[in-house]
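Here come two complexes built around chain A, the first alongside chain B, the second alongside chain C.
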Partner chain A sequence: MTPLLELQDLGVTYRTGEGDLQAVRGVDLTLQPGETLGIAGESGSGKSTVVAGVLRLLPKSATVTGRVLLDGEDVAAMRWGRLRAARWSEASVVFQGAMHALNPVQRVGRQIAEPLRLHTGASATEIDTRVRELLEQVDLPPAKARAYPHELSGGQKQRVMIAMALACDPRLVIADEPTTALDVIVQAQVLDLLGRLVAERGIGLVFITHDLSVLASACSRIAVMYQGRIVETGDAKDVITAPHHEHTRALAAAFPEVGDPASRYAPATSEPLPPEGERDPQQPVLLSARNLRVHFRDRTGTAVAAVDGVDLDVQRDEIVALVGQSGSGKTTLARTLLGLQQPTSGEVHHDGRPVPASASGLRDYRRHVQLVLQDPSSALNPRHTVYESVAEGPRIHRLGGNERDIVVAALEAAELRPAERYLTRLPHELSGGQRQRVVIAGALALNPSVLVADEPVASLDASVRGEILGLLLRLRRQLGLAALVITHDLGLAWNIADRVAVMFRGELVEVGPVEQVLLEPHHEYTKKLLAALPSPGPDDARYAG
Partner chain B sequence: MSAPVWARRRAAAAQGWRRFRTNRGGLFGAAFIALLVAFSLLAPLLIDQDGLDVVSATGGSLEPPSGEYWLGTDESGRSVLLLTLWGARVSLLVGFAATLLSVVVGTLVGVVSAHFGGWISAVLMRITDFFLVLPALVLAAVLMAVLPKSMWTVIMAIGITSWPTTARLVRAQTLAVESRPYIERSKALGGGHTHIIGNHVLPSVLPLVFANTTLVVGGSIIAESTLAFLGMSGPEISWGSMLDRANQSGAVTAGAWWYLLPPGVAIVLVVLSFTLVGRALETVLDPRLKGDR
Partner chain C sequence: MTTGPTDQHAADPDERRSGTSTVRYVAGKVGGALVSLVFVVALGFFLFRMIPGDPLVTMTRERPTGPEQLAHLRERLGLDQPVWQQFLDYVGGLLQGDFGTSYMYRRPVGAMIAERVWPTLLLVGTATALAVVLGLWLGVRAAWRRGGLFDRTQTGITLALWSMPQFWLGLLLLIATQGVFPSRGMTSVDPPNGFVMQALDVGWHLTLPCLTLLLVIYAQYMLVMRSSLLEEMGADYLRTARAKGLRDDLVRRRHAVPNALLPTMTLIFLQFGMVVSGTVTVEAVFSWPGLGLLTYEALRGPDLPVLQGVFVILAGSVIVMNLVADLLYRVVDPRVRAS
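Now for the complex of A and B:
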């Protein structure tokens, strides 16, 4: 049988201002119909370039070597018209970031119909029927065809993207990070849907992600890319359970399995963790929320409770993980705790005293409770050097002492060593992990007692993730620094947290020690979250494929 | 501020200059403006001001260009060359002063409105809208009629009518900057309004304002000439008022092209120079614009 897709010695080189950049070198891959191939790798590993190469979507500055055979036909040799027909009707792409890949001013039904109008001669009613069919296939009510993208949730938008990709009955679907921006429950639904489509219709699926655990549950074969090369390829289970290449091991370790004792209090970090000292169970409560409510008004004026009666304590020397789906009110809760959002009712206490509402009172409060944001590349002013970014807090609070010493000490504490080397750098000269360390250093410069971290590793590469989590754990062990870590990732909670608070629709439905909540969940929602985790368990039926 | 900050700013300025240099139009404009500004500042030392006085002027009425009067004379016998050179002083002064006024007011209104939002923004934006829809020339004419006739009234009239576009531009840019997470981080660090505006908003808005400024100067010079041509100006000699007098003294019917062309060409050259520099600065700030123009 001719393979659906065959890459022979594919190489892609970008011409840039600083010379040639080899993004992809010597990639060989084959995909049979009805097969799911996962490509794993970090940002910059060349995985998205491979996809663009298949459908000749690369920019002009790219030079392609080697051969791409689509159903036995060389893509490079295709004429323009043939290529256009091949795109979508034979091979289609589900792009990453469903938020940005849809046109915001067109109804989604029209957008799904677009490839149909372009590639088939179907009449208006035929197209309508087909769109309804497609929406049903991706488990969306056909009435949603009349919705605009902003009226859909992230998962629904992603499903619209998949419906678009399936519109012309392609034999090959390439999904580029289709679940990265989604939370676990929606991710499970999308993965399930893709798996079903492969099984029912015998299409070939190429699945690209940096999250090895997602691939483990969705794919039969995995190829791991690193610096433009495929460093490991094989059966999904073998790659996950017995990785050969160092990089695969790092990727696999970054996404721990909840319940695995080996990864408890052990994020994948290269530096050894300090041993756990004597822990006094009776630590003072530093930050507490009492019956906290935050209401917003939506466009129609109806009050929506983002945070609905939350009681939460964070003690000294403890890491609390706040988990929940997107839209559950986690970030609003964090912003309220920091005084960035006024509560509708209820109180936030710090060190036993209510958080002041006055401007100067709030400023003093913020010396003690600090924020680490999700995306470090936008959390730093691109015009400010590392030195200025870290010194910003001490300058605002007019901290005494030598500013340079404070900055260097904070950078050292955030493990950017030697600190002097980073002082004059600008954010764009740093890697994602280094930027996040700068953000953390900026918080540490104020010597806070609590860190509130909103998805601190969600936008970082897998190998960096463990390092940042290790840093948070080390800071707790060495300085007794308390942290409230907001995350959608239960593995993170398992890695570093002492207690977990599960948030669902503005309420905390379950709060307790990590082992108790994650291993013996009581609330239905917690069970659902845990069940949605992609797990490479040997009994998994999806492995049969 | 520490030393590395200044070193970095110097490096950034040097790089900006390198990029600016590649734009020939901008370079020409900048050179012309520099020359004109230098000359205007030194003019009182170089030009015998008796020649500008109607009483002590020596030439005949509307004489064509000759060896003595290179660009001929006006209806009172003054040298047109001298008048044109002297007129640059008023035109440039009005251009710069009105621009300063408009840019300061516009930036202030734009930043304050975007930063504070809410009712402050609503009020400021309605005021901006009010001035935006007023016909600029009519408002300026009314102001000139009500207030004493002087150069400063002209400056005020132009400044008042040209700030709303700057305010809109600055507001849009401020809103874009303020939606960045690093502003949230700064707030969480305890930064107040002055800190956020001074450290984060202004440094990223000002380069844009600066590029916009050079374009506003050109516009202001045209506005001044228009008002002066319509008879609304102080007693000072400017290019606009020269055109006005040429028109009234019948230079057009007399075929005295030497009286009309020099101030007109001067206006075109100066405005063109400012526009070229403004465009070049925009390219420096945003290199993406380069390919498209």
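Now for the complex of A and C:
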């Protein structure tokens, strides 16, 4: 049987201002119909270049060597007309980041219909019927065809992308990070959907992600890419359970299994963690919320409770993970704790005193409770040097002392060493992990007692993730710095947190020590969250009970 | 941390938008425009009081006038009143559609503006329409082949024209065409008979002032369209469109240009108002009988009622056009409707 897709010694080189960049080197892969192949790798590993290479979507600056055979036909030898006809009707792509991959000013129905109008001679009514069919296939109500992308949630947009990819019944679908940025429950739904499509229609699926645990549950074979090469390939189970290459092991370690004692209090970090000192169980409560409620009015004027009667304490020398799906109200809760959002009722206390409502009181309060955002690239002013970014806080709060000393100390504390080397750098000269460290240094410069971190590692690469989590854990152990980490990632909680608070529809449904909540969940929702975690296979019994 | 409202949105994505938000949006924008208008009226009144020169001196320049007569004239024009009283009278008049009476022509300012506004609208409307079409077309072409020969030459020529003073370019065109086109006025001294012939006559007179204006103003449309499209060109949804198998020109027409047009549209409307006030020099060079020429003449007085009237109309047109742009944006961009 001719393989659906065959890459023979594929190489891609980009011409750049600083010389040639070999993005992909000597990649050999084959995919048979009805098979799911997973490609794992971080940003910069060349996996997205491979996707673009299959449909010849690479920019002009790219030189391609080797061969790409689509159903036995050499893509490079195709004439333009033939290539355009092959695009989407024979192989389609679920692009990374559905948010941006959809045209923001076109209704999604029209975008799904576009390839149909282009590649089939179907009439307008036939196309309408087909679009409805496709939307139903991805479990969306057909009425959503009239929605614009911004009116859909992340998961819904992702489904629209999948519906679009299936429009012309292609035999090959390439899914590039289709579940990244989705929360676990939606991720499980999308994975389930893709698996069903492969099984029912015998299409070939190439599944690309940096999350090995997702691949483990979705694919039969896995190839691991690193620096443009395939460093390991084999049966999914073998690659996960017995990785040979160092990088595969690093990727596997980055996404710990909840319940695995080896990864408890042990994020994948290269620097050793300081040993746990004597911990006084009776630490003072630094931040506490009492019966906190935040109501919003939606567009029809109905009140919606984003936070609905929450009681939560964060003590000194403790990391609390606040977990829940998007839409559960965890970000609103964090905003309210920081005084960025007025509560409808209830109180927030810091160090035993209610958080002041006046502007100057709030400013003083925020010195003690600092925020770390999800995406360090947008949290930093691109035109401010590292020094400026870190020094801004101390300036606003008029901290005494030598400003330069404060900045250097903060950078050192955030493990950017030697600090002098970073002072004059601009954000774009830094890697994602270094940027997040600068954000954290900016918070540390004020010598806060609590950090509130909103998805601090969600936009970072797998290998950097462990480093940042390690930093948070070290800061707690060395300085007793308390942290409230908001996340949809239960593995993160398992990695560094002491206590977990599970949020569901504005309420904390379960709060307790990590081991207790994650290993013996009581609430139905916690159980559902844990069940949605990708597991290495249906025959795996580790999550039973 | 701007995800607060989004969280809530995601919690109930099925819910339909209600009409109240539209009404509130429109009311807010109209209210804002009215406040600006009030501000413009006040600013116009007091600003022109600061122009040096006594209007009475200009009015009586050629006639010997006694102090009694001057006092009488001052009283008749209301100039003997305190400034705030003058202002109240002025606003009261405005509310009834009365712009006052010209010092120099002894005619109602409203009527003078009404007869001068059409030539200006004809000139500005034609020039803007042509400039928008030309600018957008060139902008799209230049951006799509960024850095190519077309892009480089066009951007260069456009910048050169944009930097030229209007009166200088107008004079240059007058000299270059060597009298092929009429140099002043809107109609011939002896206008031909028949509507078609008269329209052609006006068109003939319109050519040079319109060309001058067009050459200077198309640049901004071209440059904004170019940069706006360049920003969209790296967008992911264009890669999606290519992957679907769309031809290059379809990717551009269906996906890239509609998105790039959005920021350009605000500029088009905003600039339309600005161009109206920018016609003073062109109208003065070509003696085009519009608001610009009227302003030019009135400045010599200073004919305060005329200046105030024209100022209110010009500033008002900027505000109204901005309002139209805001409202239209809401119709065209689905994302603005939701927020």
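The rule is short, and it goes like this: the second predicted complex is superposed on the first by the 537 of 545 C-alpha atoms of A that agree within 3 Å, B and C clash if a C-alpha of one lies under 4 Å from a C-alpha of the other, contacts with A are read in each partner's own complex, and residues count from 1 in each chain.
Keep in mind that, in the parts below, a residue touches a chain if its C-beta (ideal position, glycine included) is under 8 Å from a C-beta of that chain, and two chains touch if they have at least 3 such contacts.
Note that the structure is a prediction, hence the values are computed from the model and not measured.
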Once the structures are superposed on A, label A:Y226 by its partner contacts, choosing first (chain B), second (chain C), both or neither. neither
Quick check for you: in the superposed arrangement, does A:G442 touch first (chain B), second (chain C), both or neither? first
Based on the superposed arrangement, let me know which partner A:R363 touches: chain B (first), chain C (second), both, or neither? first
Chain A contact check, chain B vs chain C, more residues touched by chain C
Between chain B (first) and chain C (second), which does A:Y422 come into contact with in this model arrangement: first, second, both, or neither? neither
Tell me which partner A:L55 touches in the superposition: chain B (first), chain C (second), both or neither. second
Go through the superposed model and pick first if A:H119 touches only chain B, second if only chain C, both, or neither. second
Could you tell me if A:L371 is touching chain B, chain C, both of them or neither one (first, second, both, neither)? both
Which of chain B and chain C A:F504 touches, first, second, both or neither: neither
With both complexes superposed on chain A, which partner does A:L340 reach: first (chain B), second (chain C), both or neither? both
Considering only the contact definition stated at the top, list the common interface residues of chain A for chain B and chain C. 338, 340, 371, 373
In their complex, what parts of chain A are in touch with chain C? 52, 55, 57, 83-89, 92-93, 95-97, 100-106, 114-115, 118-119, 148, 150-154, 156, 164, 296, 298-301, 304, 306, 326-332, 334-335, 338, 340-341, 371, 373, 454, 505
Touch list for chain C against partner chain A, complex: 1, 3-5, 7-13, 15, 17-18, 20-21, 235-237, 239-247, 254-255, 258-259, 262, 332-335, 338
Touching chain A in the complex: which residues of chain B? 2, 4-5, 8, 180-182, 184-192, 195, 199-200, 203-204
If you look only at chain A, which of its residues touch chain B in the complex? 338, 340, 359, 362-364, 366-367, 370-371, 373-375, 378-381, 383, 385, 387-388, 392-393, 396-397, 404, 423-424, 426, 439, 442-443, 446
